[in-house]
Amino acid sequence: MSTSLEWGLLAPEFLLAGWAAFIILIDLFWGGLGKERLGWLAAIGVVAAGGLSLIWVNDAKQFGELADINDYTTLFRVLFTGIGATICILSARYVRDRLLNPGEYYALILLAIVGANGMAAAHELLTAYISLELLSFSLYALTAYAKFDLRSNEGGLKYMLLGAFSSAIFLYGIGLIYGTTGSTQYAVIGEVLSGDTSDIEWGMYLGLALMIGGLGFKVAAVPFHMYTPDAYEGAPIPITALISALAKAAGFAFFLKLFAVAFLPLIDDWRYFIAGLSVATMALGNLVAIQQRNVKRLLAYSSIGQVGYLLLGIAALSQDAASALVLHMIGYVVTNLAAFTCVILYYNWTGKEEIEEYKGLAERAPYVALCLTIALFSLAGMPLFAGFATKFILFQAAADQDLLWLAAVAAFFSFVSLYYYLILIREMYLGEPEEKTRFQTPWLEYTALTVLIAGVFLIGLYPKPVFNVVEDATATIFVSEELESGEDLVGVP
Amino acid sequence: MTYEEAIFYVIAAVTVAGGLGVVIARNVIHSALFLIMALLGVAAVYVLLASEFLAIVQVLVYGGAVTILILFAMMLTRVRDTAGPMDGPQRPIAALAATIFLGTTVLAVTQTEWRGNTEEATVISIYEIGEVLFTTWAMPFEIASLVLMVSLIGAIVLARGEEGE
Amino acid sequence: MDQAWLIPAIPAAAFAILLIFGPYLPRKGDWLAIAAIGASFILVFPVLADLLDQADGTTYVAGEKAWEWISFDLAGVGEKFEIEIGFYVDPITIVMLAVVTLVALMVQVYSIAYMKGDSRYGWYFTVMSLFAASMLLLVLSNNLLLLYAGWEAVGFCSFLLIGFWWEKRSAAEAAKKAFITTRIGDVGLLIGIIMLWLEGPNTFNIQEIITFAEEGGYDNTYLTGAVLLMFMGALGKSGQFPLHVWLPDAMEGPTPVSALIHAATMVVAGVYLVARMLPLFEVADPIALDVVLVVGLTTVMISATMGLAATDIKRVIAYSTLNSLGLMFVALGSSAVAAAMLYLFVHGFFKALLFLGAGSVIHATKEQDMNRLGGLAAKMPITAAVFAIGTLAMIGIIPLSGFWAKDEVLVFAKEEQNIIVYLVLLSSLVITGLYMTRLFVRTFLFAPREQAAYDHAHEGGLLITVPLLILGLLATVGGFVVFDEVGEALGFPGGFAQFVFLNEAHEFEFHLDTAITSSVLAGGGAVAGWILWQNKAELAARIRDRFAPVSTLLSNRYYIDEIYQFVIDRIVLGLGSIIAWFDRVVVNDGGVDGSAKLGYFTGFEAKFLQTGRLPNYALAIVVGILVLSIAMLVTQV
Amino acid sequence: MIPIDNFLVLSAILFSLGMYGVLVRRNAVLILMSVELMLQAVAINFVAFAVYLNPETFTGLIFGIFVIVIAAAEVGLALAIILRLFRNRQISNVDEADLMKW
Amino acid sequence: MEFVLLALIVIPLGVCPLFMLIPSQYPQLSRYLAALAGGALFALSLLVFVVYEFDGGSGLRYELQWDWMENIGFLRENGITFYLGVDGIGAPLVLLNGVVIFAAVFVSWNIANRTKDFFVLLFLLVAGVYGVFISQDLFFFFFWYEVAVLPMYLLIAVWGASSEFGTFTRTKEYGAMKLTLMLVGSSVLIWVAIFALFVEAGAGTFDMTVLREATLDEDFQKWVFPLFMVGFGVLAGMWPLHTWSPDGHVAAPTGVSMLHAGVLMKLGAFGILRIGMTLLPEGAEFWAPVLMALGVTGAVYGSVSALAQTDLKYMVGYSSVSHMGFVLMGLASMNEIGVNGAVLQMFAHGVMTALMFTSVGALYDQAHIRDMTQFGGIAKRMPRHSAFFAIAGLSSLGLPGLAGFVAEFHIFVGVFEAGYWWAGGLGILSAAITATYILRMLSRAYFGPLNEKWAGLKEMRIGEQFAAVILIAMILFMGLWPAPFIDRISETVEMIPGIMG
């Protein structure tokens, strides 16, 4: 069955892993390069890996029984490397000014991307799980990376211990699913579950519930989200961005693929639970966000809210919903990175991250304030920006699957979210700055920011190209179902 | 009760006792020792499950490395000196939750009609394991090595003392 | 007759020019305004001639000309919703046109002198032109909507002119009061108009509506309701009880304005409206006309009595105007269109005369409280003479114009209505005699009470006296049109009554008994007034002291203003404050902010779930898992 | 001979004990140990399924090995973080680490 | 012509980056650019209005349809298209927007703080409004609807003013926040209704011309229509969800108030008509009495509240609530005359309220207070200003010859025709109350002896006068010659299903 493994299919991952080692070595032996350039160097590797993964565009290969290299994987590889490259660039000055051991820092980021790639590519649960742990471990370490920062320690500790705890739960679920279906292959599980399951339903449902819980933790769904705010607040800001973008995207890449391939036959059994999680997540995330005083924490809660919307795509699972989910996720990632870029820039300038300390940003760095405003409006789902179009399509997909009520709830909380974004915008535009001087402009970060904002506009104004790509990608995970089950569920006349 | 079953119950009792000890011992060092006991019990369970390889791994990795690490950590963090009770105020609710979970799980696993031969464990040879580990499961294997590397990097970076500490 | 639209159009054009270029024209363009109204006045004659030409014997053919203003198809009905800009000329129109243009011309000429030196001299003529245009539009309109437009526009001009000296707080308030009070009446008018359209022949054309109504197209009760609502409008505009309160206050405006708007023209618009729509009133339940009658009577009585107590000469004349208007409504309430129109016709002249006379006095003495005047006849003989004519005409002394018109009303009241109406009217004559005499005596005769005012007094220039004289002449002879011979001599086949009676044969009747009774009573009132207020008016003072409560009641105008003030201050504004409070506190702070606070508070409570302690976080995860698992097992297995 | 249920129940007990430990213990190291206990339970599960239900592919066994590996790695990383926390703040009780909340 | 419609959106959006390129030390340049863009928009809007000609069907003209997303997921052919087109209802509203923005630019001439940012947001708002009026695709309709709301927060919060009212305070942040949240919150309902509508129609497209052909279940219409009604109703100032409006006005800078009350509130009513009533005629019929009741309540409530206000902006704000109540009444009448009236009223109220805010703003700029009881006799100092304000007021109280009358008259006739006697009566009464508060205001603040405190007031700026003259021209245009408006509107209204003759 697996006598000849095409290792070449994993070239991007090897490149990343190798590059990670290379970065560490460079850091060790060529201190003269400078901490800042190390980040750029890392970014180059990441971009190269991303470019490499483009080889398999419109291709459908399988790495043994372990991983698929198809459009879905390619899409996420590109997305993850994109996130990684951005984070590396954004980290450069931050790491230079505030962190020790830059080589390891970038290496961990690169390895995290490997993990994320594995999660998206995985064809079965073991690979997925190990990849998940790779990603998680990297993030644990990175969260605690500011070793003399008490909040970083604490965030790392909470993240790590709870992560391990939820991993155990998740594994227990996997075990039960494995025990009941006899396989860890998504497709096999799907096949078994579409047959008669009356004899194994106890174990199967318990396993499913535990898996949902475990995945819920990874994507930060309420009530498994508790670590999120603390980890976000504690982590170095670029890492906060990384968690919010990479961990979430990878989590959903995994979640989506797993549920689309393996658990789709049971969709009527679990969709309302996911819907419930979605509602709880949207509600708590958005309501508590109103109360936050720290920008990172605010964005943490806002990302929890976003998870609620994304879960809606899972609850309404069909190819449409999956495409919509991925589209929204891409939009969210781009937007969130843009927001974090601004936050990082501000932190690099001033070392401040409380909301009230943002007062007068519009005076001192109008462009950053503008971009942050755009990003926040996009997160709130205002038009012209990505959030509106993607949310519209996502919620519409849910409504299409008879989940109108859920779409309504989501739309409502999307509105609630506007309030706390406006609070931050208010500080920037209405607060009087303590000093009037303009900040100097770091061109690289500004370029990255401009690119991200352009992305926000592109997705907001003309998402079709992106959507086409996404649709091709999601088609690969629904291929086994031939959309039949989806067709039944849609109930479109 | 067959002879094997008897052995199982003994081993299970030891394991559970160990586990219980871990979570209720008043002394951290005792907890650690109970953990070793539980781990060894689990190793024995693996033997019962005809997976000697796993039992060996268990003993080596856990009984050796992990517990030593834990004990070191305990000493370094002077756990014994910390004031206050060992357990948090959550105890009743934790007990309740754990019991409910146990009940649910036990109910679920006993109610499930497991497919396959649930009466007898099949012996899987160490060679077979070795072979699939490097072929079929090559990718997780590689990734697991990366996980270890991450863990290593993380541990070194974080635990290493810097100047002035 | 097709050119009748020019009559309002010329002043309208003058208005537009004056509004934009007025300040740059020589003499601020007063000549333009006067020329325009003069042109309108002259144009009335060809129109009249046309009407007479087309008359078939004593049957008049009304002229109509209309342009489409608004028109659209009604979906699925196959009909159009149309509103026209249309002009309709019939005898009533002609009478109105004559009064309006003539008096307006006189007044404007008079104003040149009267308003001289005023800082808003040009503005005055601008608004006067607008007023003329609007009033003529109202009169000529062939449909209710255009009539309503003119109706509102004259109200607006009235607002502007009452508040002409808006720096005076009282003027500003009076203007506001006038507009709002009439506006309340207009609520009814507009509803009435819409009602007539709604169940009617899908048109606003007055004649078509009348025809429709006469054919029994409307439900009787419905029609009654509609006409009564329309009558509300007339009530407000013509200052009838209980909406009469604005008219005395309207005297804050320049006196020529009072003469034109608040005596001769605008205030009679209500009379005109009812006269115009009288066929509807007649078709409707008799109660409609009864209401008109009762309102008219009430107004006659209260205004006459209030006139007794007022001391401001303009106010006295204003009350007399109310009094006259009341009489016209009594006539209408008795279906006596001809009488009402005749009264309207002559009233226009003598009331304008009275006001302009008063204006002459005020202009000369800068004083309008009759307690500070007196003896002016010596220094202002012409004014005194024409004022006397006006007074006598108002009282109704033969052969002055007022006598004939009033007598017609009395005859109708006597014949058509019950004796009480007649008696009430007769008693009002006495009172009219009393207060009008009082006005004249106190102003022009006996010793001056305020030397300064007396010293100032002088006769105005030609611009003032000539209009006075012309009006005086008209006030004297205007009544003779009652004689068919006179009417025919003037070119109205069949006489004036025939003319205004819309082709229904009718003659003026002259009942000697009524004439004698009324003359005796009116003359008696006048003589009594002379006796009471001669010299220092000790007798009147004694009587006033004797009936102090009555006097107080009268000088406080039956407290009607106070009641209104109370209603407005306490009830309307109170309600406004309550609603404003409700809006802020209940709707906004409670409902809107409240729900926002609810969200905020929920968030505030929920954030404490995030205790910062890891075991709690783990517990949350466990609880989540438990709920999920148990729920899933329970629901699915 | 030994029915699979026995192992599964044993695993469930261990898992629940671990869960209890995580919820109740204050010391970070003890929590970590409880998590290890849970992972042991998971591993038992996997191995039991592998050898009883699916001996042909014995994925579960492999899974079990990986679980042990991951668990070991976890201990390493977690202890480093705990140590760092202790160095910085002289605490090792997790409920004392609540700088960040609300 | 199609590209004129496109230009209406492209120009305001296109000038935004241009503004950004202008260095902030040259605010004058921004102003000229704004005037240029405003002028262009005005000219194009006028062009659209003038050349619009009904040619059958739904009255849609100058259509321009570009694919945006189709044959993807749940979207079939023409799934979401960028579909522009103007009909007889849209045409006057386009003109309205053109007039108001042109005027607003001049009124905002002396904004000194972050001038270019102000204009960027202002033009963004305008683009959104145009988009709503000419979008024929439900998605883009909603898109532009939200775009129109988007800049309001900053426009009010940054350039607005906080006010103290003795017993309570209204900060600009509060006003801005409340406005934004209420509008966006209500759009949630619209959003949900759009989802439901799309799914129920099952046509796989958001094209409104297709959706109006779809047969929708009556029960479905009955439960979805209220979502549209309330959702759009909030923006239309529907009682009791109107409170954002007065408070928003109090806080907003003049130019923004003009656009806000002048055109933004129209979007709500337009939405009810264009989506609610057109796509869900049976639902509309079912809910018409409720809409009527809410409209009348708003009309009376707004005018009575205005009566009690002493702050000029509050007064104008509540008067907007009252007048939008008329619009809702007209819509609820469900007959051609009433609906025509409603659209006419949208235009009429748009220009006259913009004029009112121009006047209030001109006064506030100099006096820095708006409490009418503090003034007195200022007509002496600011005669033109007073005249402009008075004209606006007179139009709003329904003086014939001015725009308000034509509109209100149609509404009342329509309401009576629909059989809502009580509503018609109360509506006319409310118009009378309008007269009361307008005149009360004029009498208090403008007439009477000059309060010496204000002896230093100067006439409003020439730019503001220019703006006022444009607006007055529109008021007179519609008031004296309403036929062009009514022709365009009625022909289109006739085609709306469920509208009786």
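Residue numbering begins at 1 within each chain, and the chains themselves are lettered A, B, C, D and E in the order written.
What we mean here is this: a contact is a pair of C-beta atoms (placed from the backbone, for glycine too) under 8 Å apart; a residue touches a chain by one contact, two chains touch by 3 or more.
Everything quoted here is computed from the prediction, not taken from an experiment.
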Any chain in contact with chain A as well as chain C: B, D, E
Contact-graph distance - origin chain B, target chain D: 1
Chain nearest the overall Cα centroid: E
For chain D paired with chain E, centre-to-centre distance based on mean C-alpha positions, whole Å: 63
Computed distance of Cα centres, chain E from chain B, in Å: 69
Inter-centroid spacing, chain B versus chain A (mean Cα positions, whole Å): 31
Separation of chain C from chain D, taking each centre as the mean of its C-alpha atoms, in whole Å: 95
Of all residues in chain A, the ones touching two or more other chains: 126, 130, 133, 137, 140-141, 144, 147-148, 156-158, 161, 165, 169, 176, 179, 182, 201-202, 205-206, 229-230, 291, 419
Per-residue overlap in chain D, given as positions that touch at least 2 other chains: 8, 15, 18-19, 22-26, 28, 31-32, 48-49, 53-54, 62, 66, 70, 73-74, 77, 81-82, 84, 94-95, 97-102
Interface hub residues of chain C, defined as touching at least two other chains: 596, 607, 610, 612-616, 618-619, 622-623, 625, 629, 633, 637
Full enumeration of touching chain pairs: A-B, A-C, A-D, A-E, B-C, B-D, C-D, C-E
Residues of chain C touching chain D in the complex: 607-608, 610-615, 618-619, 622
Interfacial residue positions of chain B with respect to chain C in the complex: 88, 90, 93-94, 97-98, 100-101, 104, 108, 111
Footprint of chain A on chain C - complex, ascending: 596, 599-600, 602-604, 606-607, 609-610, 612, 614, 616-618, 620-621, 623-625, 628-629, 631-633, 635-637
Chain D residues touching chain C - in the complex, by the definition given at the top: 19, 22-26, 31, 94-95, 97-102
Complex contacts: residues of chain C adjacent to chain B: 613, 615-616, 619, 622-623, 625-626, 629-630, 633, 637
